[in-house]
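There are two complexes below, and they share chain A, which is joined by chain B in the first and by chain C in the second.
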Partner chain A sequence: MSIATPKYLSQSLAMKYFFVAVVLFGAQLVMGLIAAYQFIDPEFLFNVFNFSTARMVHINALVVWMLYAMIGSAYWMLPEETGIETVGIKLGTLGFYVLTLAVTVVVLVYILVQVGPGTEASIWLINEGREYLEAPRWADIGITVVVLIFVYNVFATVMKGKRTGITTVLMADLIALAGLYLAGMFYTSNITMDQFWWWWVIHLWVEATWEVFVGVLIAYGLIKVMHANRQIVEMWLWIEVTMLFGSGILGMGHHYFWIGTPEYWWEIGALFSALEPVPLVGMLVHVIYDMGKHNGKVNNGPAFNWFIVNAFGNFLGAGVWGFMHTLPQINIYTHGSQFTAGHGHLAFYGAYATILIGMMYVAIQRRNGIEEMRSTSTSKWAVSLITIGVLGMTVALTLSGYVQAFVERAEYGATWDGYFIAQGATWFTQGIDWRLAMGVVTFIGFLLLVKDLLTIAKRSKALANS
Partner chain B sequence: MSEDYKEPESVWTSNRFWSRSAGWVTGFSAVLLILLTMDTLDQITIGSAKDLENKVTKRVPSASVINYKVTYEYSDVRGHEVPVIGEKELFFGRSDYSEAEANALLDKGKLTSQAKNCMNCHTLLGNGAYYAPDLTKAWLDPAWQAGGVMQGMTGTTSVDEAMSVFLQNPDKYASHARRMPNLGITPEEAKGLVAFLKQMSSIDTNGFPRNFNKIQGSTQK
Partner chain C sequence: MEYLDPESFLGIFASAAAVIMFGAIYVGIFTLVKIEKIKPLYIALAYLAWGVQTYSMVMLGTLVKSDPFTVKILVAAMVGYLLVPHFIYFLVHRTHERFEHN
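Let's turn to the complex of A and B:
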């Protein structure tokens, strides 16, 4: 059975999306390093390129590169799943260029203009000032239009071609994912209302729709990389959807403990969010089980390694680190501390960065018709350094977060003074120093990853010919 | 790789069973979320000036709360602190802001907080960034009260004035090595921001932050 696929335009488009995703990932890391350094030397670029700007670009680039890689993955899978070229691919390609132009303009405005006067015009043109959803309103509308084109591509293709369990889940998930974005597109002077709907986008993305998307990628990946049995894989996928949505949707209550919303969210949030790790354990078991069944025989070494890191990382970052602060009794002391940042890093990395990088390797292999793509030493160094780096940052931030919980919150009653006393505590600052060091490790890993993505196909082909 | 679908013997390994379960469980959760949302939206809708006059407690009080004194007190019934709205209090020299005026101030403040990207350094209601103190109860923080470090530094005698002066030139009034940058905040925007901060301090956050200011950590007199 040959791995080579016909040259679908849909897959050419996927490669474009992956390319921009990697560029944005790099930008994300550079901004993270600047922000992390400013924690240590607050005068660095002060009043020139402030922490707030660096952080905004850091987390916005994160969200956007992941969306790019997700869209890319969908354009990649689509022809293979349906057996036909993606319907309306020309329009889809146009959408890519429009989106990329818009993203470029948005980032330039973030970096050059940074902030505006307190008027509606600033929110429309410069930035919306809401964490993760900073994109100005004009861009929101542009993004929505391009995403609608993408959703149309997916639907029209699945309707015309072969329909699988994987594509069925993908379609339903994309509708929910795109629709939720609309919940973030309005202005209100009521901060509680603002945060209430803000979490509809953020939580229902990362703990529901994006996780299901990961389920889809794992299913596809196991079939392609290990020749796992489709019927079993798709059964797992449906079980995962059941458990992810069953816990994740109402698990949103864990963000409604302290923002002005009623107390019943304590019980609902605690109960359902405490169940959220269950499907993540399930996904881990599923991957390990399939690996055992196929004696670890895989046709794509680097992709497989990234899938394994995903299975563990999702479980650890989202499942374990999420569970640690999800009960209100604990969350009241950790809410909005470096503990949250620790969880955010390992969860986004473990659940999403990993599997999306894995998909890039799958695409590179199949695009180049490589029957068996082995890890190079660069592949191994890249995955190891990035993983050690992010894990190290997470542990460091978790310790700093504990200092905040004890000193700032418990001891000093969360006052302004208490905040700064904790920020100056030795064990806190050590965590912040280690975070920067581990950030540098992550960045070196990233450079190796780029090198590997650019060269592995050539090396594998040379190896096959010799 | 194509396998024809074989109906398995057991329902537990049947794809049809699981795809239907996924549909039902998701639908059920979504319906419950929507019902709860309707109730919550009702409870978090902003109150009115009338509510304040009639002492009707709202989770999110009207912007007119700027005309009143706000404190944060332990409630035996609730088992944690809650904001308490007391007597009239001057806000930039007045305590007779009409509801429309108060709303305009709040709106200006909220818009400014977004345009200036406050949330990418601070947390509001505990959400945001962790580079600077939480602003949820900043209005009530001892640092800003009489005898606190901020009034002394800004040469003012009230919380509102101290905050306003600080916000317009934060890099000049640094209490710590980590300074707040100059964001070009105008006097009008500053007044709006202070109204926004005061109103936020009056929101019932179910006791977050816990034990707020219980132990007076104001060591830096």
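Let's turn to the complex of A and C:
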């Protein structure tokens, strides 16, 4: 059995975005493995490909593959939501090739050139030097142009076609997503002020606009995979968006604790960070309710599995690991330690990677006109290994971070000596070893995921025809 | 802000995690009872989870050396948390009824 699926150029473009996203996901994991190994053997590739570079590419690849997958998801949804082909799709396709070329050049420069002298030319051509937003200035401008094309595609299409709650929220979110990126493109001579604006991109992207984007994808996914009622899902989307923005915007205060901003950010940060798990409560009630009402009937097994991991991963990674060290009284000991890295690994995976991979399965199913796509053993191994791997890395990093908080920060008062004593502590090094082992498990899961994404449509069709 | 006793770190991390975990257990059991997926008597477990959550929150507040007034505020917030799932469930249920019976 198959479902009739019109072939939209927009959805072909989405598949291209998904393809590059998976390639970058692989690059992220390879760089993570190199950096994890360098923690154990610091001589490995020393002065050839240093830890700082591997870590930078690891994190940049993470951000960029997720952006690719988000843009791909939007191009996928647009024709189905609006009922028409995406307006300006040729421009959008040109934007994809320009962006991919730019990303390729930037990554090659990161790997081959790495750093330059402290001049304006380095900022323009090699590296802007701001953590997570290292893209050189020329690429920054290019990214902005491509994102503006994407925003134009979405707005023009929704204006011309049918408007739904999902596309309306998407439009509102894109204004914030694109606009906030500009805050990371200018410098001030005062480091505190510079960091203040820098967090506007980092925090407000991740804990406000990305969360809302994920809300949009979950809403679309629930409708397509579980046949949930659109009116109910969209009503909930609005409520969750309100709660996410309500807590997420001022929750930024937890990043302002120690950068030289006034002390009132302690109270603001503590209060609104503590409120950040509240939208997750709403999501949890909603998901359990919907699952109960639909008796677990779904038409896309692998996508549904990833959506479930999203619900729990988001809760654990963002909720539990976030709340463990978000209050300023304890954050002063954990800030910037491996504890933060543990939180980052599980939160990015749980909140974003999972839903984006789920969207890839939705696209594969609908692109191939498969009415019911069941999980294969490869799908199950992939989701299990990646989840176990990321959870394992998180626990390992938390143990290492605990040693840092205890020894480096509390006992030695964040001194140079304290840093190295903590780095040599048995529990710290064991945590670092286990992080690498669990990274390998994650990578094996990723290879299975790639295999599954490439073969599941063929298998599902063969199963349906047999 | 007072410096904390390093010996209390484990308690802080554990109680903070417990606040969220038992919050999830409370919400999960509560919703499952409401949609009749498990027996109504399990609601007692839901409220027990909320009780543990509240205790964990007070413990967290104490361990991070919050002043007594702040601890009272935290308890008031937990009363709010007791009500939140009721309110959210009410909204979900009523919207389902409204749209599914039209």
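We adopt the following convention: the second predicted complex is superposed on the first by the 462 of 466 C-alpha atoms of A that agree within 3 Å, B and C clash if a C-alpha of one lies under 4 Å from a C-alpha of the other, contacts with A are read in each partner's own complex, and residues count from 1 in each chain.
The rule is simple: a residue touches a chain if its C-beta (ideal position, glycine included) is under 8 Å from a C-beta of that chain, and two chains touch if they have at least 3 such contacts.
These numbers come from a predicted model, not from an experiment.
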{"item": "Superposition on chain A - do chain B and chain C clash or fit", "value": "fit"}
{"item": "Which of chain B and chain C A:I288 touches, first, second, both or neither", "value": "second"}
{"item": "Touching partner for A:V320 - first (chain B), second (chain C), both, neither", "value": "second"}
{"item": "Which superposed partner A:V278 touches (first chain B, second chain C, both, neither)", "value": "second"}
{"item": "Touched chain A residues, chain B compared with chain C", "value": "B"}
{"item": "Computed vertex angle (chain A) for partners chain B and chain C, CA, steps of 10°", "value": "90"}
{"item": "Touching partner for A:Y402 - first (chain B), second (chain C), both, neither", "value": "second"}
{"item": "Partner chain in contact with A:I259 - chain B first, chain C second, else both or neither", "value": "first"}
{"item": "First (chain B), second (chain C), both or neither touched by A:G369", "value": "neither"}
{"item": "After superposition on chain A, the shortest CA separation from chain B to chain C (Å)", "value": "5"}
{"item": "Chain B/chain C common contact set on chain A", "value": "229, 231, 235, 239, 266, 332-333, 410-411"}
{"item": "Parts of chain A lying in touch with chain C, wherever the complex brings them together", "value": "229, 231-232, 235-236, 239, 266, 274, 277-278, 281-282, 284-286, 288-289, 292-293, 315, 319-320, 323-325, 327-330, 332-333, 402, 405-406, 410-411"}
{"item": "Footprint of chain B on chain A - complex, ascending", "value": "1, 35, 38-39, 42, 46-47, 50-53, 55-56, 114-120, 122-123, 126-131, 134, 165, 168, 187-196, 198, 223, 227, 229-231, 234-235, 238-239, 241-242, 245-246, 249-250, 252, 255-266, 268, 332-333, 335-338, 340-341, 409-421, 423"}
{"item": "Contacting residues of chain C [partner chain A, same complex]", "value": "1-2, 4, 6, 9-10, 12-13, 16-17, 19-21, 23-24, 27-28, 31-32, 35, 37, 60, 64-66, 77, 84-85, 88-89, 91-93, 95-96, 99-100"}
{"item": "Parts of chain B lying in touch with chain A, wherever the complex brings them together", "value": "1-3, 5-6, 13-15, 18-19, 21-22, 25-26, 29-30, 32-33, 36, 39-41, 43-46, 59-60, 63, 103, 106-121, 123-134, 137-138, 141-144, 171, 175-179, 181-186, 189, 192, 196, 200, 203-220"}
